[in-house]
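Two complexes, one shared chain (subunit A), two partners (subunit B, subunit C).
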Partner chain A sequence: MKKTILTILIIGMFVPIFGSNQERDLQAAFLGKFAKFIKWPDESKEKFIITLIDENPFENLLDDLYKDKMIHGKPIELRYVTKIEDIKNTDILFITIDNQAEVQKIIEYAQKNSILTISEKRGFAQRGGIIQLNFVMQKTHLVINYKSSIESQIKISSPLLAIAQDVIKEDK
Partner chain B sequence: MKDFKYILILFISSISLFANNLKQTEEFYKKPLPELLKTETELKADVASRSGDRDILLSEVPIDVITSEQIMQSGTSELSQILQRFIPGFNFPRPSVTDGSDHTRPFTLRGLNPDQVLVLINGKRLHQSSLMNINGTIGRGTSSVDLNTIPIAAIDKVEVLRDGAAAQYGSDAIAGVINIILKGYGYKSKASATYGETKEKDGALKRTDLFYSIPLDYDGFFNITAEYRDRGATNRAGPDTREQYPTGDPRNDLPSSVNMIYGDADTQDKLLAINSEVIAKSGLVFYYSGLYNSRDSEAGAFVRRPQDSRNNTNIYPDGFLPMIAPEIEDYSFTLGTKNILNNGIKFDLSYTNGFNDFHFFVNNSHNDSLGDDSPTSFDSGGTSYRQQIINLDLSKKIDSLFLAAGIELKNENYEIYKGEEASYVLGTFSSSAGAQGFPGFQPTNEVNEDRNSVATYLDTRYNYSKNTTFGLASRFENYSDFGSTFNNKLYFTHKPIDSIFLRATTSTGFRAPSLSQSYYTSTTTQVSGTTTYQSGTFAVNHPVSKSLGAVDLKPEKSKHISAGFVYQPNSDFSFSADYFYVKIDDRIMLSSNIKEGVSDEVKTILNNYKVTSARYFTNAVNTKTDGVDLRLNYKNRFDNDSVLKTSLSYQYNSTKVKSINTAPSILGEDGQDIIVDSSTIISIENAQPKNSIKFYNQYSYNAYKVMLNLNRFGSFQSVLFGDTYEFDAKWTTDLEVSYKVNNSLHIAIGSENIFDVYPDKWKNTGSSITDEDKIFQYAQFSPFGYNGAFYYIRVGITF
Partner chain C sequence: MHNYSIRIKLILLLSLSSIVALLIATISNLTYYYYDDKDRVINASINLAEVSGKNIAASLMFHDRDSINTILKPILENTNVKYIKIYNNNGEYFTSIGENNNVKEDKLSSYEDIKVSVSFDYINILTSITYSNERIGFLKMMLSTDDVKASMLEQIQVSFLIMFATIIIILILAFWLEKIFTNPIFELLKAMNELKKSGEFNVNLVPYSKDEFRELFLEFNNMANEISKRDKILKDNNLSLEQLVKTTQNDLEKVSILASTDVLTNLKNRRYTMDMFEKMIQKARITESYLGIIMLDIDHFKSVNDTLGHHAGDIVIKEIAAILESNARENDVVGRIGGEEFLILCTNSDMDTTFNVAERVRKKIENKVISYEDNKTVQVTISLGVYSSIPKLNKEELMKVSDEALYRAKKSGRNRVEKGIIK
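Moving on to the complex of A and B:
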């Protein structure tokens, strides 16, 4: 039996763990996947920029996933910032901040600068964020604030709208 | 055995190699969006974590999670029975002819006592029932939480922590913690109806429920669940072969008939649950949740034959079966608010109020001492318990350090209230006082006692590195009756390689003596000559108890060690093994009856207080429990898009009595046997299965879903008249097939214990009532009851 356990452990040593945080893995994949269904008003930048504000819950995952990929024919740059002033010209902004007053300021900044905002925080879409991406009953729960995307001059194509559990088209 | 080893290696290797070719995130990225939305993520749990939910496979302690889908995938109406199907070591026998315990049936974890499990609703402590399990059930002398007061359609998931957690939650969290999470944000409204009955065509279950969800601003919600369930009685009593009528009566020659009820009580439950969060634009959350249950129930007591001295043949010429019919009311509610302050501190302030009232009524009975004019139905009085808690929790994450602290104020009240006079009074016609079946509580039994406690805690977690975490929790608590207690928990987790996760904890814990244990009093009146005597259970502070050596109860104290690992080569396969050790000192037991034959001194005391026999609660026993938990989970999505989910789980637990506390000297040389007799020791050590296996399988294909659940209930022992009997382990099988007619309608048919397995019968006992062909053919302690197969159909709509 000792040999059996040893063999299993040795096999285990060469096996990366994949299942430890599927929610994060899915969110990481969704960031780039969403972009394929979005049209920004200004697509003249040389790079496609994804920015995370506040904590980075993905650790190295986003860097590993997107280092060799292209979105809209552009290489991807990842930025990690903690202050609203550092957001600058980004395409996607993933927000992990808890403080609602801060979140509200960021949403307003993003709307003025045509940034696609994404967050897992409940109520994010109703507060003016564009995509709320969280999990209910072990499945992805997607809420899109279409009105906010229009105000941000961001066009979301219908296949993405079609799969959302809830689409906000006017103020609730 | 060799083959098994190679199969195991091959099995794990094949999964591992398959996993090695994939990188999950890359795979996700390649999939179309609708596919991604179908992906099922890991199970998470909040229990024992102040920092929010986490993957149960990466938790510092072993946790099981039962999902709402699994909960609803059942024909049964009782949450306890549902949990027993999924959690090895969750024991839920179905006692019968045990007075109140027929109607609020206790459950246990790890072979310990029912009151050594803490139950939470949305993370807040749920109150226990006021019922004292006083008869020969598992957990005699304890009060347990009644899980069946919760409508199952309201439940999002049930988290079961398999470890001590008193340093985090306080009293009771010794065998484990059950955290019931009510459905919250994002759930659709649903209604369902279930009908079922046993193979013997009794125990008809009619259940309807409605879960209705109203979304509120900022993803707040107002959810309400209403349920009505009507469960018919079952009866597996055999014929009474004893002589029924006085000797010489020709009716004694008639064939023996069944004159008792041995099975489930006839029960009607009305249940309501509310769960709501109202969220302000600022992020401030107001939350409230509530449960309400009203239960009318009826079950038989012990039969009084026509020739019984307690029978009045003018009222019952053919004898009678007293029916105990309690009305049970139970509710709890929590109000609270939580938010994150500008400095990053999270706060959560809440108030919880829980109440249980267990009111005994007896029908089809009489008070023999009142003669022919005796009423036949009685209000026998009852017990109630209220628990009020104020909690303030604060927490903050500072880089790698997570800090939480809080304070808890608790007030408890326990009451015994008398029955109507005819239910307990001793009349002049005979010496049998009170209502037959359940004599009422007397005015001298009445109790109204309070207790206050204050607790403060500190909970820290430090991520030493990406793969190593330490945690320390400390809790100081002061109770107004027994004083202070201070408990700690230290844990450590480490991931030496990506697919292996190691965890270890050590902690101390306690269980405060319940108010019912300190103050429960129930006596009956007897007459001898011209003197009236009392006998029964006396409160610990009653003068007769004190004279017989009773001292104020102190808390049960526990020490815990657990260690284990999780092997998870990919998200679809995991295996975990955990060892646990629990040492409990000063376990509170109900003594045997102390009678005048013990010694002259005892005789004098009893005579002085006009008592013929007395028993009381005392800190009596020191035990150790150890065992292992194994879990294997596997999920596979086949090419045809069908999905198989399998979970194989096993628990071994063994409890040994290490020592018995020194008995009061007044009880003499046999004092220890009086406090804890040999049958009580066997009940502690062997009355609950040591081994248990659950093998759950679910296969989904298109609109069909098939659930197959195998349960192995280990062997157990039971004592009858001083002799010990062994009952073999049994396998039972549950099967359900459901079909989704369209997006809103589904229908399911199924069976629990489809192969109609029964526990072993008593054999060669020599008893006139308990044997394989007598009234009681099955043991009370049978872990899966003795109803046989149960068939059901369920229809549900989502809207």
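Moving on to the complex of A and C:
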């Protein structure tokens, strides 16, 4: 009986770890894929910049995925930053910050500079972030704040909106 | 086929031609319809697959099976769609909807953008899923051909129904149209039969069309009229011929009479009398009856001619001939066989009867005063030799017996009758 309980506990400990790693891989891949459904107001930039602010949960994954790749015909540049000032000219911003006040500042900055904001934090989209990307029961769960994307002058194509579990069109 | 009437042949010809044409048209139409319908269904299926692929592009990109199922589910409302399988860009199975029995997780073996395979029951379509000109996966769709088959079956049923109705109309038309051809022919036949029965060639068929039958009718009328004219000529000629035959017969009779008659006396001449003599001998032999022979000669006729002239001689001969003719019986033959010699052949007359006839004639002539000129007369006598028998002798022998009796009458003083004797 004790052995059985011990076995279940051990399996229970490893499953989330396994699931988490897989989700990270998907998250890393999806960052680039979101770009296919987004149209930015300024298309004259020479590089396509993906920025991570605060912690980097992907380790070298993003480098491996996007090194020498192109998005919208532009070479990809990855940036890992900690300060809001460093996100200038970014196209996609992945936010891992837990501090809500900080996040709000970043969202406001991003809206003014037409930056696509993505985060896995709960309530991110409701607070003005554009895409909230979660995994529920190993399935993709998207919440898109359409109103925020309009304010950011970012156009999201309908197929992406179609697969979102929730699309925020007005202030809640 | 040769035994059928022209009416049946025409109906068969018209019906078969039309039915064959109809069959060819129907089969061609069905074949065209089948291929057209198949192409339409395949193109529609390809479009459906491509549109479905576009609709699920985002879902596939973000590995969202639920969205894919949600987006594709309405497609399954089309009962022809059996299942849809989605593969990622590496050809690995991602998800599927539809009939579970047919859905197996597998890996694509080929990476063609569009691949269509059609069997009798199913249409399989493989198309790539792209987004922004970039291939992100594959969609495999299997559709049932039930609708195509049902549509085809319906089309066949309708076609055969129309064909059946058309065949009925064709048959009715064939029965009607054949009359256009056969009525003039039967009209001609009827006219020919009437012509044959009546023998009257003055027919006038009225053509009721302007086609070749009109020419045929007119030619038939011309031919009949021509025959009528020739018939008239022939009849006229026949009448002439009959007249000619009749005239010729009369002439022949006349010639025959002339040939058998003595011109001066109108009695039978020698040749005819001798022919009759032969025949009467034969008849008497057969019937075993008597044949009487009276041979006579005018006494001293030469002196009549010499003293009174040939004219008076001829009158004497005529008068004697008339007496002989009037005193002979109906079936007796009276002939002049020489200048002043006569022969009377008496049927069924024995010696006594023959003798009596001869005697009666002799007396009549003896008493006859013959006027040969005004106020000038002459009387003559005759000598006669008679003989009668059921003939056993021939003509010449009988003539000889009679002639010898005549000779004895002359010798015995003339104006008398002597019976012939067989020595």
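Things to note:
To be clear about the criterion, the second predicted complex is superposed on the first by the 152 of 172 C-alpha atoms of A that agree within 3 Å, B and C clash if a C-alpha of one lies under 4 Å from a C-alpha of the other, contacts with A are read in each partner's own complex, and residues count from 1 in each chain.
The rule is simple: contacts are C-beta pairs under 8 Å (C-beta built on N, C-alpha and C of every residue); 3 or more make two chains touch, one makes a residue touch a chain.
All of these numbers come straight from a predicted model, not from anything done at the bench.
Contacts of A:116 after superposition on the shared chain: neither subunit B nor subunit C is touched. Once the two complexes are overlaid on the shared chain, A:33 sits against subunit B and subunit C alike. Look at A:25: by the touch rule set out above, it reaches subunit B but stays clear of subunit C. Applying the stated contact rule after C-alpha superposition, one finds that A:139 touches each of subunit B and subunit C. Applying the stated contact rule after C-alpha superposition, one finds that A:100 touches subunit B and leaves subunit C untouched. Touch criterion not met for A:131: it reaches neither subunit B nor subunit C.
Put subunit B and subunit C next to each other and count what each touches on subunit A; the higher total goes to B. By the document's definition of touching, both partners, subunit B and subunit C, reach A:159. Within subunit A, the residues touching subunit B in one complex and subunit C in the other are 26, 30, 33, 37, 139-140, 142, 159-160, 163.
Within the complex, the subunit A residues that touch subunit B are 1, 3-4, 7-9, 11-23, 25-26, 28-30, 32-33, 37, 59, 61, 64-65, 69, 98-101, 122-123, 126-127, 135-142, 159-160, 163, 165, 172. Subunit C contributes residues 54-55, 57-59, 61-67, 71, 131-132, 134 to its touches with subunit A in the complex.
Residues of subunit B touching subunit A in their complex: 5, 8-9, 12-13, 16, 19-20, 22-26, 28-29, 31, 33-34, 36-43, 55, 57-58, 67-69, 156, 185-187, 217-220, 279, 281-283, 340, 342, 344, 346, 466, 497-500, 567-572, 574.
Contacts from subunit A toward subunit C in the complex involve residues 26, 30, 33, 36-37, 139-140, 142, 157, 159-160, 162-163.
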